[in-house]
Every structure is written in C-alpha cells, then in structure tokens.
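Same chain, two partners: chain A is paired with chain B first, then with chain C.
The block that comes next holds the complex of A and B.
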C-alpha cells in the first residue's frame, strides 16, 4: 500500500489515539510539575469593647483570583514527586537515621501512602497472575475432557465472571462475603466470632481482593488456553500413549511446550490488567486497608475541596514508569525478533 | 480432545466432573444469588440476624405481604433515576461502537496491507497505549477539559472511550484482516478499483465476523466502563456503572443498597444475554492471534 493511501486510511484512528492517549500522557507529565496554589491569607483586626484581636483568615477573593490567573497552579518542579504522599524522600532519610532495626525502618516506610499502595499493587499482581494461569489451565484441561455437546453452556457459565465490569463483580461477591451476607454470616457462626468481618482485618481484606482477582481473571486465561488446546496435534500424543507416558507426562512434555507462547501472552496481559487494580477496592469498600496506585490517583481526583491535579499526575507518571518496566522485556524481545527478521 | 487411544479411568472422570461443577458454582452462584436477593427487602438480603431470611423471605412477607417484591426495581428505575442512566449508557454504547468500528476498520486494514516498517512500530505503540491504566489518562484529561469547558457532557466521554478503545480494536481487526488473502484486493486493484473501493466492496463483505467481534468488545468496554464515565461525566449524565456506585452511599450519606442490587441485576442481564447469543464471537475475539493486547 502506498504511503499516501496508508496515511489517509490511518489518519482518523491515529488522530484519535494521539489526541486522547498521547497528549493526555504529556499533559499528565506537565501537570505533575505543578501544585495547587496555597490559600492566600490575610490578617483581620477585630476590635470590640474589650480590645483588639488579630486573626488570620483565608482571603477567598484573592485566592480565586490567583487560581484564575494561573489555573495550572504554581510551579513545583520535582517537589510533588518527593513529598510525603509520593516518594517521601525526606521521611525515608529521617526513618533511616532514627529507627534502630531494619525491620522497624521497613515498617515505617510501608506506612507511607505511596509505598503502601505500591506494595499492595505488587502483592496483588504477584498472587493473582500465577494463580490465574494455573486455574485457567486446569479449567481448560478439564472442560476439554467433557463431551462436546454440553461444552457450550459450560463455557458460558465459566466466562461470566470475566464479562461483568470489575465494580459489579466485586459488589456481587462483597454482598455475599460481608458480615450480613450468606457466606460472611456463616463464617461468623462457624468461627463463633460475631465480630469477624472483612473490614476488621487487613489480611482478610487483601486475601478477599486477591481471591476476587483470581475469580475475575481466570476465565480469560481459560478461554485462551482452551483455544490453544484445540490446536495441539494428535499424533505425538497418540505416540506418547503407545509409549506408555502418563497423563501428567503428556501434559508436561507435549501440551505445555506447544502452548508455551500463549502462556507468556496470557501472563503479560493479566500482569498489565492486574497492575491497574482499582475498581474492586471501591466495590469491596476496602479503602481503609488496601490502596492501589490507581486508587491513589482516583482519590486525588475526587478530592472534595480542591482537585489535586499535581499529586494525581505525579502518581500517574510513576504508574506509567511501572508499566514501562513491566513491558520492557516484551518490547526488547519483540524488537530483537524484528531486527533479526529483517 | 478425544485422543482415540486415550482411555480415562472412572476415577479421573468423577474427579473431573466434581471439579467442573465446583468451578461453575463458584463462577455462577454469586450472580444467581444476587438475582434471587434483588426480589427481597433489605432486611432479608442483608440480614443481621439470620442469613436464612434471604431464602425464607421472613421480612419480605412482613413488609410487602408476598414472597417476592419488585419494589427495589421500581424505586431504582423511577426515584433513583436509573432510567436516565440506562438511556445515557445506550447513547454512549451506540456511538462508541459505531465510531470505533469505523475508525478501527480503516486503520487496521491499512496496517494489515502495509509492508513498511512504520506499521510495525504503530502496532507496538498501540500495545503500549493499551497497557496504560485508564485512570492515568483520566488524570491527564480532567484539567484540559475543565479549561475548555467540555467536562461533564456525553460527547466528550464518547470520544475519549473511542480513543481508549482504538488500540485493542486495531490489534483485533488487524489479526482478522491478516486472514483475508491479499490476492482478493490486489485483483480488485488491477481491475481499476481504488484502495477505498476495494476496501468497501471487496474486503468489508467478507469481514463481517471480525467486525461483529470487534463491535462486541467495544460494546463491552463502553458498557462496563467505570473509571472514565465516573470522572468525566457530571451527576446528570452518569451512565449505569457510576450510578450503581452512587447508590452505595459514602461515609457522609446512607446509600440505598437494594437499589444498587436491583441496578446491578438490571445492568448485567442484557450483557449476559448478549454474550449468550454471541458467545462464539467473544471467544474467537479473545483468541484471535495475539489479541487483547
């Protein structure tokens, strides 16, 4: 296809992506260097028969004037990145000097909002991704063994958790697990502990969200693995059966190597999706004990007094860097393949 | 797979059946339970005293005089203005699907027929764009949209959702276009068609399965979106998913949980029917080459 034709065909979609994905990333980058204005304060002298007092009040008129003149806020450089709510450079230095043991230091650092969110996000990715791969593969193997006639409805049932939006999916589970729901109430009865509830324990909340993640993402892994299993050649398997290979050996030495490229693909996709975990935190109302990077951004953007554009943008930039680190191996590999192919 | 020679022991078969039934229960029971509970009153579905009330409908009988009640639905759809939210969802979904299919087919066709190096780089860029968490993009939109005073209205959200959807649509349609033999449009070009005519009259007619799949995924994205719609639309224009969240209530004001339950059922039912109808397309979309990427 000539370059000119290509250009006209690609222009609409290219423009949409540049305007609404490329530019916003740049806009986020710029915003992250600005912080919202401080409120202008003025001294007000108030006199009454008992004498005069000077009090400090917020000058709303002046504040809004400055805000209108410079809506982006004041220039802050890397100030937002290093402040307490993000990388917290000063606090970490302080903790390093003050705390006695390394454990106490780690304890202090992991209580800072950004590190807390980062640790939750990474833990979530680390536990959900491998389990999704495993469960998806087992479901695919086992559905593959049932009679072809009844597979259709079974597949439909299996993919339900995936097609609902994460908010709805987590709500539906939350309503059962909550202390007033069917599962939560029964667990309370079993454990004989009327105060046992999701919200009371951080570990329980984390486990619940991780279980939700596995429940929600496994169907995707299942669908891809199931399709890949249909393409596994029959002859080597039959040969292996004649040679007396056990079922496990057949899976390990024939099926798995055959679908290996698909496994990396699924792993990459679920890693990318898990890194942006956000809606389940709202669905499970788990803001108290589990915060992810995406949730931090959301929280800044729905702030009631002033929207913290700068703070949200700084967290966004660091999230994007995190994504870039996750994607880097794949991109490098693709680039090498592309270079050798040329 | 029927391996022919492969004979399964009864023990394995039983184990397999038990496993599948367990998994299906885990996957489907929450939805069935929510559907069941949406016809009860709050005191039953979220029972403090006894979860069995949700089945025996103890409080529903006292409050409404029947085993089942549709109060939650009628209230959410009228008082809760869920009708407005569903109207907005329909508008957003229809426009997002049609626009992104239009842009996506053109772009993906060009990518699949180009032999130049830049086509590869565009696909890589699309992959990176696909990986961006939507919330980071939203934090980039909010400020410019406030300044331009286009925040809160449906057209802005539609355009944003179309753009966010493009990388995935491009990859999906690209892999579908690749399966259409090049000779088909080349012969049309020799016969004197322009590229656009070849695309319009030769390629599109054989591409319907792929287009339907891509359309389904655009639909699911637009229908299910929470991040973009919750932050870019004002209260008045909220679609279904942010509306459900608003029923949950916050620390400041008590929400109306039963509204949320009935709204969840109302929002999920059409989606399930759609997937039931188009299951084959959904699965082919998820598996078409290196997709969802």
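The block that comes next holds the complex of A and C.
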C-alpha cells in the first residue's frame, strides 16, 4: 500500500484514537499532578432529628473563590505519586532504615496498598499469561486433529468461557466455591476441616482468581492459534513424516516457528489484558484479599463518598507505564525482527 | 343536596395535604436509594405532582452517581434522597440549596424535628430513621436457656454456647463485607467504646489507641463466630443466611426487618425472629450503633421553578399521615402521626439508649474508606491490631492531604 493511501485509510481511526484515547490520557496525566485546594472549614451548629451538635463543614463561599481562581486545584507535582497510597517513597526509606532483616523489609513494603496491588497484578499476569498460551495451544492442536464432523460443536463449546460475561462467569464460580456451594462444601469434606473457606483465605482466593483467569482467557488464545494452524503448509509436515519425525518434533520444528508471530501477538494482548485484571475481583467479592491496580483506581473513584481524582489519575498513569514496561521486551524483539526482515 | 355531595366528595378525596398539590409547572426528577420505604415515599410524592413532569431513579448505586449528576448545570436531578453520610459530599461541593423559604411557604405539615439545619439553614428534610441492631432467634435462645444479649460480650458468650451445643456452627452474622460494610461495623463498635474518630476540632485521625484496639478485638471475636466467608457477606447475604436458619444472632439494619418478617421463607424461622435494641460494648452505656436519617435535598443547579415543584411534591409525602399509617411496618417514619409497630423496636430502643448519629463530618468519608480496606488483614490474622490501625491512619492521612483536609 502506498504511504498516501495508507494515510487516508488510517486517518479516521487515527483521529478517533487521538480524540477518545490520546486526549483523555493527557488530561488524566495533567490531573495526576494536582491535588484539591486546602479545605476551608468552619464550625457550625448542626441539628438533625437526633439532636444538635457543633461540628465543622466546608466553607463553600471561601472554597468557591479559591476554586474559581485555580479550577484545576493545587499543584502537587509528583506529590500524589510518592505518597503512602502510591509509591510511598518516604515510607520505603524509613522501612529500609528501621527493619533489621530483608524479610521484615519486604513484609512492610508489601503492606502498602500500591505494592500489595502491584504484587497481585504481577502474580496474576505471570501465572495466567503462560498458562493461557499453553492451554490455548494444546486445545487448538487437539481440535485440529479431531474429525471435521464434530469440530464445529467442539469449537463452540471451547469458546463458551469467552462468550459468558466475565462478571456472570465469576459469580457462578463464586457461588460454587461458597462454603455451602458444591465445590466449597466438597473441599471441606475432603480436607475434613469445617472452617476451611476458599473465600476467606488469601492464598486460596488468589488461586481461585488465577484459575478463573486462565479459564476465561484461554479461548481467545485458542481461537487465534486455531486460525493460525490452518495456515501451516502441509508439504513440510508430510516431508517430516516421511523423514520419521515424531509428532512433538513436527510441532517444535515446523508448526511453532510458523505460527511464532501469532504467539507473540497473543502474548502481548494477554499481558495487557491481564495487567488490567478487574472484573473477577468484583465478581468474587475478593476486595479483602486481592487488589489489583485497576481495582485501586475504581476504589478511588467510586467506593468513597469523596472522589479522589488525583489518586485515581496517578494510579492510571502508573498502570500505563507498567504495561509499557511489561510489553517492552516483546516490542523490542518485534522491532528488531522487523528491521532485519527489511 | 348538592352541598352534601360536595362535602362527601371532599371527605372522600380531599385531605388537607392534598390542598397544596396545585403544581402548575416545573419538572421533578428524583435520585434515591432502592428499598421499599423509599419507593413508598416517592410514590406518595408522585400523587402530588400536579401537572409537573415526574421522573425517579431508584438505584443502590445512588452514591456513585449523585455528585457527578448534581454537579452538572442544570443538574440531572432536581432532588436527591440522602442520608447522614451521603449529604456530606453534596455539602462539600456546594451542590444543594437551602430550603428555608420553601419550608416556610409549603412545608405546613412538616415537623420541626424533621428539619436538618446546618449553620441555621435548612439543608434537608428527614422522613425516616434507621440503625443497625440485634436480631435473635427466640426458639434457639430459649432452648439453651440464654437470656437476650444486651452487650456484645454477651453476644459472644451466647454464640459460643450455641456453637458448643452443636445447633449451629456459625451462630453470629453481621455485614462484614470488606469495604463500606466492614468499615461501618468498625464505626459502630468504635463509637460504642466511646471513641472519637478525629482529634477535637481538627481532621487529624484519632483511632490508633486503646479504644481502637478493643474495637478490632471485638470485631475479630465476632468474626470467628461467623460464617468463614464473612468478608464477602453484605446485608443481603446475611439476610439469606438468617432465612436459611444458619444464624441465631445478627446485627442488621432496621430497614431490613420488613423483608425478614414477611411471609416468604420458613414460617418457623420467621415466627422465632425477634428484634431488640443494639448492644453496648466494653462496659459503655451508649449502644455500639449509629443512628441514620433519610431525607430529601434539592439540587442547587436547577431552576427555582423546578425546586419549588419538587419541594411541594416531596413535602406532601414528608407530611403524609396516610402514608405512615399504611406503610407503618416499612420504616421508622419521622413524620407526624406515625405509630411505631413491632418492627420499629430496634430504632426506638437505640434512640432511648442514647445512640449517636453517624458523624456528619466533611472528612468522614475518607476515614470510612480507609477503614474498609486496611482492617481486613487484621481480621485474617495477618497483622496486629496496632499495625492495622497504624495503616488506617496512614492511608487516611495520604487521602486527606490530597483532598486538602490536612
């Protein structure tokens, strides 16, 4: 395609991307450097059906004057990024100086909300992504080998987890693992421990969410791999069979190299998706044991009666940076290959 | 003859409250939480809409849409049904209007005690009260010879006895779902211990002390007597636990009593379900509970004509004797003419015992949010009470700094 054609072809998409993705990200970025103005409060008498008390309220006249002068708020620089609820720079320095062993230091750091969320998010990514790739590939290979007649229904059944709305899927599993649900009750019987609860133990909650993640995302990898498998040329495979290559050797030396770019693509998309893990935490009501970066943003925006725009914006920016860091190795590799190919 | 007919018609259809319903213009749009009493209230006000346009949104997610919807100019809603806690963000952002003029002009049947005044200005009109109190299973307690618990220490002892008897494995329930619900339980218990959330006259936190530790220890003791999934249980979930007969003692909202005592579910459990006041804790004399009111507020960013129409129709409901008589078992109405029934025991006892209202402070929402996430690890046994309270204070301080309270 000539560059000019490409430009006109891409223009509408590009404009929409700038308008609906680029500008909001810039606006979020600017927001993250601002905090609310100092609140002007005054003591007043408050009366309700239960009696009167003297307490404080925000002085709206004064506040609106300050707000009109500076609508964005008080410039805070990286203040929000470095505070305790985000990168917690001061706290980490303090822990480093105060704690005696490295273990105690790690304990203290992982008790901070941002790092707690980061660790869960990374753990989720690290377990879910490779397993999704592996499982998706195995399913695609096996389905590719079964008789054509039953392939249709089998494919439909396999992509079902992707069709089910994430929230519904997680809710179904959530009820099954309830201590009176089918899985929960059976595990209690098996372990002979009536107090065992999949929902109250942190480790078990993490495992549940990770298994759910693998279940939910595998069909996507499967669909893409299955499509890619259809493009594998038959001649080299037949030649390999004649040469006496085993099934595993054929997959390793012919199929995998052929679909390698697709694997990279699926890995990229999976990593991005998994880094933004959110629905299962809500579906499993797992806020107590598992918090992800996306959940922190949600929490800052809706879970409190006072909305923390600065905090949410800062966490959003760090999520974007986190995804960029995670994707960097894959992107650099693709870029290098692209250059050598030219 | 004609006169008699007119009088008869008037007696049938006209009451004094209807006299004010001659609304000619304006549009009414109400945002409210979703539970039966509020539906009744809004339905009643609809009878008085006159020729105004009338819309209502009932949503349990009302807290999430209120501030953005009322910030818009003109605001999406002309009225918001709020409570002690949810009026605060509206006040902080200056989104609701004083009602003094309207009360004077159209608020004839509204009692003075219903008016929420802040700095001398009427900001809301309350119409019902709510609190969390104890529910118990009369049959279970009787069988085991346990007296009705009056303190949380007695609740613990009673629950242990029930568990030891083998009748129930997890005899106690309360809404301990991580987040808002769990924080609310902490607030109740901390107030029961006589705690103050902030150092007097400032927004500095004041919970990392002996009272805070005692509060956490009591919550932990109770959680050990609850279903192990307690961190995922909200009010609805424990209501289901109760109706399945798994629980004998429970702390739950008074506004939920209607659904517990209705005809649905096992009649034996319903029959044995009894209400009592909230418990005290740690030898204190005020109950470990907070009092709540629900009332209506009017959006500032809306025309005066809309505000007037909205006020008139809502005031009709907020002073409606027929509504409180017909729906006496749905709520503890603050409206004149309400005769408390058996389902109101909890709130009435709480008021008698001198329960405190939920603190209506501008920074309380931040404290509530910090509590909801930071005390979880203590309940899971992963950190000490002191550490958990330290974390709450630290999380609160960061948020309060960002919001400009510190």
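Convention: the second predicted complex is superposed on the first by the 272 of 342 C-alpha atoms of A that agree within 3 Å, B and C clash if a C-alpha of one lies under 4 Å from a C-alpha of the other, contacts with A are read in each partner's own complex, and residues count from 1 in each chain.
Criterion: contacts are C-beta pairs under 8 Å (C-beta built on N, C-alpha and C of every residue); 3 or more make two chains touch, one makes a residue touch a chain.
Every value quoted in this text rests on a predicted model; they were computed, and no experiment measured them.
By the touch criterion defined above, A:178 lies against chain B and chain C together after alignment on the C-alpha atoms of chain A. In the superposed pair of complexes, A:164 makes contact with chain B only, with no contact to chain C.
In the superposed model, A:306 lies in contact with chain C only, and not with chain B.
In the superposition on chain A, A:274 makes contact with neither chain B nor chain C.
Using the contact criterion defined above for the overlaid structures, shared-chain residue A:238 touches chain B, although it does not reach chain C.
By the touch criterion stated above, A:223 is placed in contact with chain B alone, chain C being left untouched. Of the two partner chains placed by superposition, only chain B is touched by A:72; chain C is not.
Touched residues of chain A were counted for both chain B and chain C, and B has more of them.
With the contact threshold set out at the top, residues 178, 285, 302, 307 of chain A are in contact with chain B in one structure and with chain C in the other.
Every residue of chain C that touches chain A in the complex is listed here, in rising order: 63-64, 67, 84-86, 88-89, 91-92, 94, 113-120, 126, 129, 169, 177-180, 182, 201, 203, 227-232, 291, 293, 334, 351, 355-357, 359-363, 365-366, 368-369, 372-373, 376-377, 380, 382-383, 387, 391, 394-395, 397-399, 401-405.
Residue ranges on chain A touching chain C, taken from their complex, read 35-39, 41-51, 55-58, 60, 63-64, 74, 76, 80, 83-85, 91, 111, 113, 174, 178-179, 194-197, 199-200, 202, 284-289, 291, 299, 302-308, 310-311.
Put simply, chain B touches chain A in their complex at residues 1, 3-6, 8, 12-13, 16-17, 19-20, 23-24, 26-28, 30-31, 33-34, 37, 45-48, 50-51, 54, 102-104, 106-107, 109-111, 113-116, 119-120, 122, 124-144, 146-147, 159-160, 162-164, 166-167, 170, 195, 199, 220, 223-227, 231, 241, 244-245, 248, 260-261, 264, 267-268, 271-272, 275-276, 279, 282-283, 286-287, 290, 292-293. Across the complex, chain A meets chain B through its residues 1, 3, 5-6, 9-10, 12-14, 16-17, 19-28, 31, 71-72, 138-139, 142-146, 152, 154-161, 163-168, 171-173, 175-176, 178, 180-182, 185-186, 215, 219-220, 223-224, 226-230, 232, 234, 237-238, 241-242, 247, 265, 268-269, 272, 275-276, 278-279, 282, 285, 293-294, 297-298, 300-302, 307, 309, 312-313, 315-317, 319-320, 323, 326-327, 331, 334, 338.
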